[in-house]
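Okay, so subunit A shows up in both of these, paired with subunit B first and subunit C after.
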Partner chain A sequence: MKRILLLRGAELIVFAFLATIPLLVVNPYALGLLTLLAIYGILLIGLDVTVGYLGQVNLAHVAFLGLGAYAAGLVVTRLGLGMVPALLAATVVGLVLGGLLALPALRLEGPQFALATLSFAALSTTALNELEGLTGGAQGLSLSRPTLFGHTLTPPLFYWLCMVLLAVVWMLMRNLLASQWGRAFEALRDSPIATDAMGVGTYAHKVAAFALGSALGGLAGGLYAFNFQYLQPQSFTYDLMIILLLGVVLGGRKSLWGAFVGATVIVLLPNLLSSRHLFQIFSGLGFAGALAAGVRGLVKKTTRPFQALAPVVAMGLLVVGGLLVENTEDWRKAIFALMLFSVVVGLPEGIMGFLALFLAKLFRVPHAPLPEPADLDTMLPVRPADGSALLVLDDLKRHFGGVKAVDGLSMTVRAGTIHGLIGPNGSGKSTVVNVISGLYTPTAGTLQLRGVTLPSGSLYRVAQAGVARTFQNLQLFGELTALENVLVALKGVYRNPLPMVLLGLARREERTAQAEALALLELIGLRDQALVKAKDLTYGAQRFLEIARALARKPDLLILDEPAAGLAHPDVLQQIEFIQRIHQRGITIILIEHHMDVVSELCDTVTVLDGGRIIAEGTPDEVKRHPKVVEAYLGQPPQPELPGGTEPLPA
Partner chain B sequence: MNAAIIGQMAVSGALMGLVYALIAYGFQLTFATSKSINFGQGELVMVSAFFSLTLTNLGFPYWAMVPGGLLFGALMGLVVERAGVRLALEQKSEGWILLSIIIGLFFFSAAENIWGRDDRPFPTPISADPIHILGVDVTRLELSVAVGVFAIMGLIELFKRRTLLGKAFEAVSADRDAAELMGISSTRTVMLSYGLSGSVAALAGILVSPITTVGPTMASALILKAFSVAVVAGLDSGFGVVLVGMFLGALESLASFYLGSGWREAPGLILLILALALRPNGVFGKATIRKV
Partner chain C sequence: MLQVEDLHAGYGASEVLTGTTLTVKQGTLVALIGANGAGKTTTMRAISGGLKPSRGRVLLDGQEVQGLDASRIARLGLAHSPEGRKVFGPLSVEDNLLLGAYSRLPRFLGYHAQAKPDLDRVYDLFPRLRDRARQSAGTLSGGEQQMLAIGRALMARPKVMLLDEPSMGLAPVIVQEVFRTIRRLKEEGITLLLVEQFAKSALEVADYAYVMERGRIAVEGTPAELGRNERVLAAYLG
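For the complex of A and B:
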């Protein structure tokens, strides 16, 4: 509670201070800068959604600023409507065009995504320039600030409007990002495959996030239009985009405060560059800071030499340049480049990331207490293990070119059993799992869960149908805590619609969700590590956490893909115990495993694969004695009539 | 509309498109070894062109200026690799996108202040008189673009196939970890690919400058189209970039003729977004199988 109070208090103080400034100071220039600060604040909060939370380099944000500005401008000049419809139009333009761009572009990752957004930005500049009849082209578009509910907006009033909007955006985004939505955004950056497999639609969330960020860009554009009252396509180009990225990265990604700090820097930069003297002071400070941080990093060996030295060199160039160059304004872009370079290399978490660490050390505020774990029997009722056919595979095939990874597999998994799937390497086990869970589309054959055909080729829809899985190569959300990993996948708790979430009225279901997630963590012995980031857990704990996360789907069928791979012996024993506990709740399990002791201990039925086909099926003991199984694992038994047949088999 | 004019526009557009293809080929070189591309490649084209212009103005003959320019391009490519790409690759992050943009911005500003903001002509001994081939007029200058593009692409492909170093390059492209285990330094191979990519960018600058003039912004339109070509063709098909480059060049030459020169960029951008929607791995790219 104390933590919340501190954070809210800081927000309140800053906003109250900003709101009172026009009453104290009557300098129009300063007021102009502050208005711009509010507008850029909204803009950067929007950009941070894609750059920070989705972790994608988005070069189209400046286009949404421009399109929003023109939309608002045209609504006022052409349609003669007022401020409210104009701002709404700007936001909607951002939302819709953002969604339309995101639909194709977000099927891509990394460089291709950046290229697609860059192309969109270039295309929109072209359109604004060339649609002269509508936008006035390169001549620009002049407009006058419309009234708001009949009031003429003087500079202080307009400033207050911008500040109120910034505060509203701030509040809504804070609620959203702290909710299941924000967690999903972060999770899908760490592992898009796992979010799909946990029934969180990766693609849909990405598109929604991008559209949301773009809508904020559009809104900022509307305010931008009424602030400058003159629009030109050249204002919204690549140069401004770089500055916006500078703001987000310098301020600190994944942080509202970071966006605010970034906006402050952007607004102050031109003033900084206009005076040579001021520039020399700041570049000197930057150099000193980089030097101190670099030396500290090298001595403590926390950073690599390049990471420590490169910012010092870049800042040194700034200082030397500041002494040599007559007019710093000419070298504006190089100065941005050097600053941005130093920050990206030397301070990747930005100013706020750095400050947050520092403040956390200073105040040491404990995390809000977690609720008591929920009752497992109510949240995950024991299901009847009636032995009916749960999953039926019929003549399933999956070929990769000429490789028949799975070639005509028919198998029935009965409700309430643990069904083992074993076989030598390359026998097709993982392919079977990937086909069942929807990662691969089968080449032929059918899959039925309780008599209903499973959707094929979509992890997400299979997850929705009641199948959950773990991954042989861990696919945890490393940046999220153990608790949050489970929360992302949790099914059946989050019901409140988006508007309630935005307004912060969904706190109660968050508590319920936490209680349920804690119960699952307790089941696998990780309750006391609930607040540790997944990437910081031990390897064994990470394997256990994958199971808890899959259980959060409350699945009919749980697929465990080599859950004991790489575990030390004591951990294997624990793992066996956890799987037995899950089995006691009546959940059907498919277990892929190499450890024969684990298979013998746990499985009711075992299916043995080799070369994509079933070679044996039965209880663990039957299977172990089956001649074909022995042959598949150990090779052809020695033939007595062949010469040299009595020699030991090669290892 | 006269078929001869359409043919003429298409041919000169396609020849111009070869420059896009060449720059896109530079992206492919670095993408193959490191899955990264230089977002400041356009600035590399531009500074190399300026440097070559300076060499020419200092009195170097054409045959000496070209290797000098290529060497400079390679050096700048290495600078980008060292300052912008290596750290991010070591951290397995996508910071290189931002860093290569930043380094490009620095080159841009440096060029603005060293060589000035104006566009300047680029002298060349190759004549701009048209010659008549199959009913279409082509200048020797335009033909020199085609010759240069095919020559350097051919040389690099030969290098990759015939030399030990080239085979190491292919090995790292195919499987970085396996190549490392076989004793091939992937860091050096990535450096090599950035050096080659820089040279390719420099050649693109030298070939295109006599036609378009040299200036700080000369490559900003060029690079967008090279991006489109690289993505539409796929980042792993050298043959694809040539075809798509020529197609795009012809298309935009016709578009600017019919729609007005302001819309010159539009076909490439629309083609790009369409290709992304329909074939995210590129028209000539291979789909990858997801593994977990």
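For the complex of A and C:
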């Protein structure tokens, strides 16, 4: 509760303070700056969705600002409609065009995505410029601020409107980002493959996020149009885009406060540059700050020399430049470049990222208490292990060019059993798993789950059909906590529609989800580490967590891909116990493993592959004695097992 | 040959190594065993420069190397065959091997001629790599990639070789082959520090062994001594 009060309290105070300003200040210039602050706040929150949460360099945001502005302007000038339809039109233009751009662009990654958005920005500026009949071209478009429900908006009233909209956007985004949606955004940045395999549609979520961010860009554009009442295509070019990116990075990514701080910097920058004297003061302050932080970091050994020195040099250049240069405005771009460089090197998490760490240390606000774990029998009822055919593979083939990785595999996995899949490296085990789970499409053959053909070539749809898997090379969401990792995958709890989530009415659902996730963490002994980030867990705990996350899918079939790889002896024993606990719930398991004693201990049936074909099938004891298996895999005649031995005996 | 004294290192705020001390004498094979998260891989990374130690000393052939860049330490004669093999997937097997010798060889002329004896030595040790010399490393099976990673480390003619989890994710028959290879490396007189989950197999090839627990050495001794230690037997040898 204390935590909620602290966080929400700070927001309330800032917004209340901002709301009273028009009553206290009559300086129209200052009021204009504050209005711009609210508009840029909305704009940067939108940009932060793609840059921060999706982790993509989005260079098209400025285009959505421009398109939104022109959409609002044209609705007012051409159609003669009021403020509300104009702002709606601006938002919808952002949403729709954002979605249309995202559909192809988000199939791309990294530099290609950045270039795709860059070309969209170029295209939209050119269009606004050349469609003279509609937009007035380079001449610009003049408009007057329309009425809102019949009221003329004076500058203070318009300022209030912008502030109210910022507050609403803030609240909705906060609810969205704290929900299953926000977690999905973060998860798909860490591991898109795992996000799909956990039944969260990666691509759909990315497109939705991008369209949402662009819609906010459009809305900001509409307000921008009514603020300046004059539009020119040249206002929405790369220059502004770079400044917007500077704002997000400087303020701090993945943070509403960061967007707000970034907007403040952007609004104040031109004023800072207009007076040489002011610029000298601020560059001096920046230099002192960089120097102090650098020296402190070096003494405490928390930063590397380069990280400490580079911002000091960059800020030093600003100070020297401020003394030498007559007109700081002319050097605008160089100044932005140096600032951006200092921030990227010195404060990679931005101002708010830095402050958040600092404040967390100062207040030591505890995490909100977690609910009691749910009852495992209710959330994951024991299934009947009737031994019926659950998964049937018939003459499955998967070829890569000339390589026949899987070459005519027929296999039946019975309900409630643990089915081992072993074989030498390169025998096709991983390919089989990747075909079943939908990562690869089969070249030929069929797969049926409970008599229904499994969808092929889509991790997401196979996951929806009731198959969950773990990954040989761990695919956890490193930046999320253990609890959140399980929550992302959790099935059957999140039912509330998006509007309810946006309005913050989905809290109960969230508690239920947490309780269920905790029950799963308890099952694998990680309940007391629920709030530790996955990347900070020990290697063994990470292996266990992958299983809990897959279990959150409440699957019919669970595929464990080398769950004991790299585990030391005590952890291997633990892992065996966890898998047995899961098996007791009647969940069917396919187990790929090289530790033969794990296989012997757990499996009911074992299929041995070599060269993409089955060379033996039967109980563990049968296959261990099979001459072909000994030759291709075990490498020696089986000897009487020593109790608890985990070793292949060296030759 | 390799001496580690009171080594401290970690990631960010969490300190993983809290004063590790160990010695590897010339021509011996020393095994480092312990549970997951005890700090075995971190020790190797702190020795080879992948991670900067915050305190302590690392002596390679009598010379202090702690805090130097990984490439510098490699040039001074330390080869690290990392966990998960990390071969250069798109490059051919032979190019992978030649890159192992990069720091020793002339940059332009006479590259191949000078590398020839070392290549032959590696190919004699792993005949299967000779057959696949032109194939890209990514298409090799897990076992072959492990051979390649060891071969690449050998190409540098190291004074000391660190071998991290060479058996990870390999079929039993290949694991046996890996241990046969390790024996041959030992017979050739190569100084080795080995991290391994298969503690029993590791102790069978080692001359001396250290057991790590929570960032420091808990027990040390010859394999015979450790085999008599009740606690080590129960926790690691099953």
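What we mean here is this: the second predicted complex is superposed on the first by the 633 of 651 C-alpha atoms of A that agree within 3 Å, B and C clash if a C-alpha of one lies under 4 Å from a C-alpha of the other, contacts with A are read in each partner's own complex, and residues count from 1 in each chain.
Everything that follows uses one rule, which is that a residue touches a chain if its C-beta (ideal position, glycine included) is under 8 Å from a C-beta of that chain, and two chains touch if they have at least 3 such contacts.
Everything quoted here is computed from the prediction, not taken from an experiment.
> For A:Gly426, decide between first (touching subunit B), second (touching subunit C), both and neither.
second
> Where does A:His569 make contact in the superposed view: on subunit B (first), on subunit C (second), on both, or on neither?
So A:His569 only meets subunit C here.
> I'd like to know which partner A:Leu634 touches here: subunit B for first, subunit C for second, both or neither.
A:Leu634 contacts subunit C only, not subunit B.
> With the two structures laid over each other on chain A, which partner does A:Asp536 touch: subunit B (first), subunit C (second), both, or neither?
It touches subunit C, and subunit B stays clear.
> On subunit A, which partner's contacts cover more residues, subunit B's or subunit C's?
B
> With the two complexes superposed on chain A, say which partner A:His151 touches: subunit B (first), subunit C (second), both, or neither.
Once the two structures are laid over each other on A, A:His151 reaches no partner at all.
> One more residue to check, A:Arg508. First (subunit B), second (subunit C), both or neither?
So A:Arg508 meets neither subunit B nor subunit C here.
> For A:His594, select first, second, both or neither according to whether it touches subunit B, subunit C, the two together, or no partner.
In the superposed model, A:His594 contacts subunit C only, not subunit B.
> Have a look at where A:Ile193 lands relative to subunit B and subunit C in the superposition and call it first, second, both or neither.
Only subunit B; A:Ile193 stays clear of subunit C.
> Applying the document's definition of touch, where does A:Gln472 land relative to subunit B and subunit C: first, second, both, or neither?
both
> So subunit A touches subunit B in one structure and subunit C in the other; where do those two contact lists coincide?
In subunit A, positions 472-473 sit in both the subunit B and subunit C interfaces.
> If we count contacts the way the header does, which residues on subunit B are in touch with subunit A in the complex?
31, 35-37, 39, 83, 86-87, 90, 94-95, 97-99, 101-103, 105-106, 108-110, 112-113, 220, 224, 227-228, 230-231, 235, 260, 262-263, 265-266, 268-270, 272-273, 276-277, 280, 289-290, 292
> Which residues of subunit C touch subunit A once you look at their complex with the stated criterion?
My answer: residues 14, 33-38, 54, 83-84, 141-143, 165, 168-177, 179-180, 197-201, 204-205, 235-238.
> Where on subunit A does subunit C make contact in their complex?
Residues 301, 422-426, 472-473, 536, 538-541, 562, 565-571, 594, 596, 632-636, 642, 644-651.
> With touch defined as at the start, can you tell me which subunit A residues reach subunit B in the complex?
Within the complex, subunit A contacts subunit B at residues 55, 57, 101, 103-105, 107-108, 110-112, 114-116, 118-120, 122-123, 126, 129-130, 193, 238, 242, 245, 249, 304, 306-307, 310, 330-338, 340-341, 344-345, 348, 400, 430, 434, 439, 471-473, 475.
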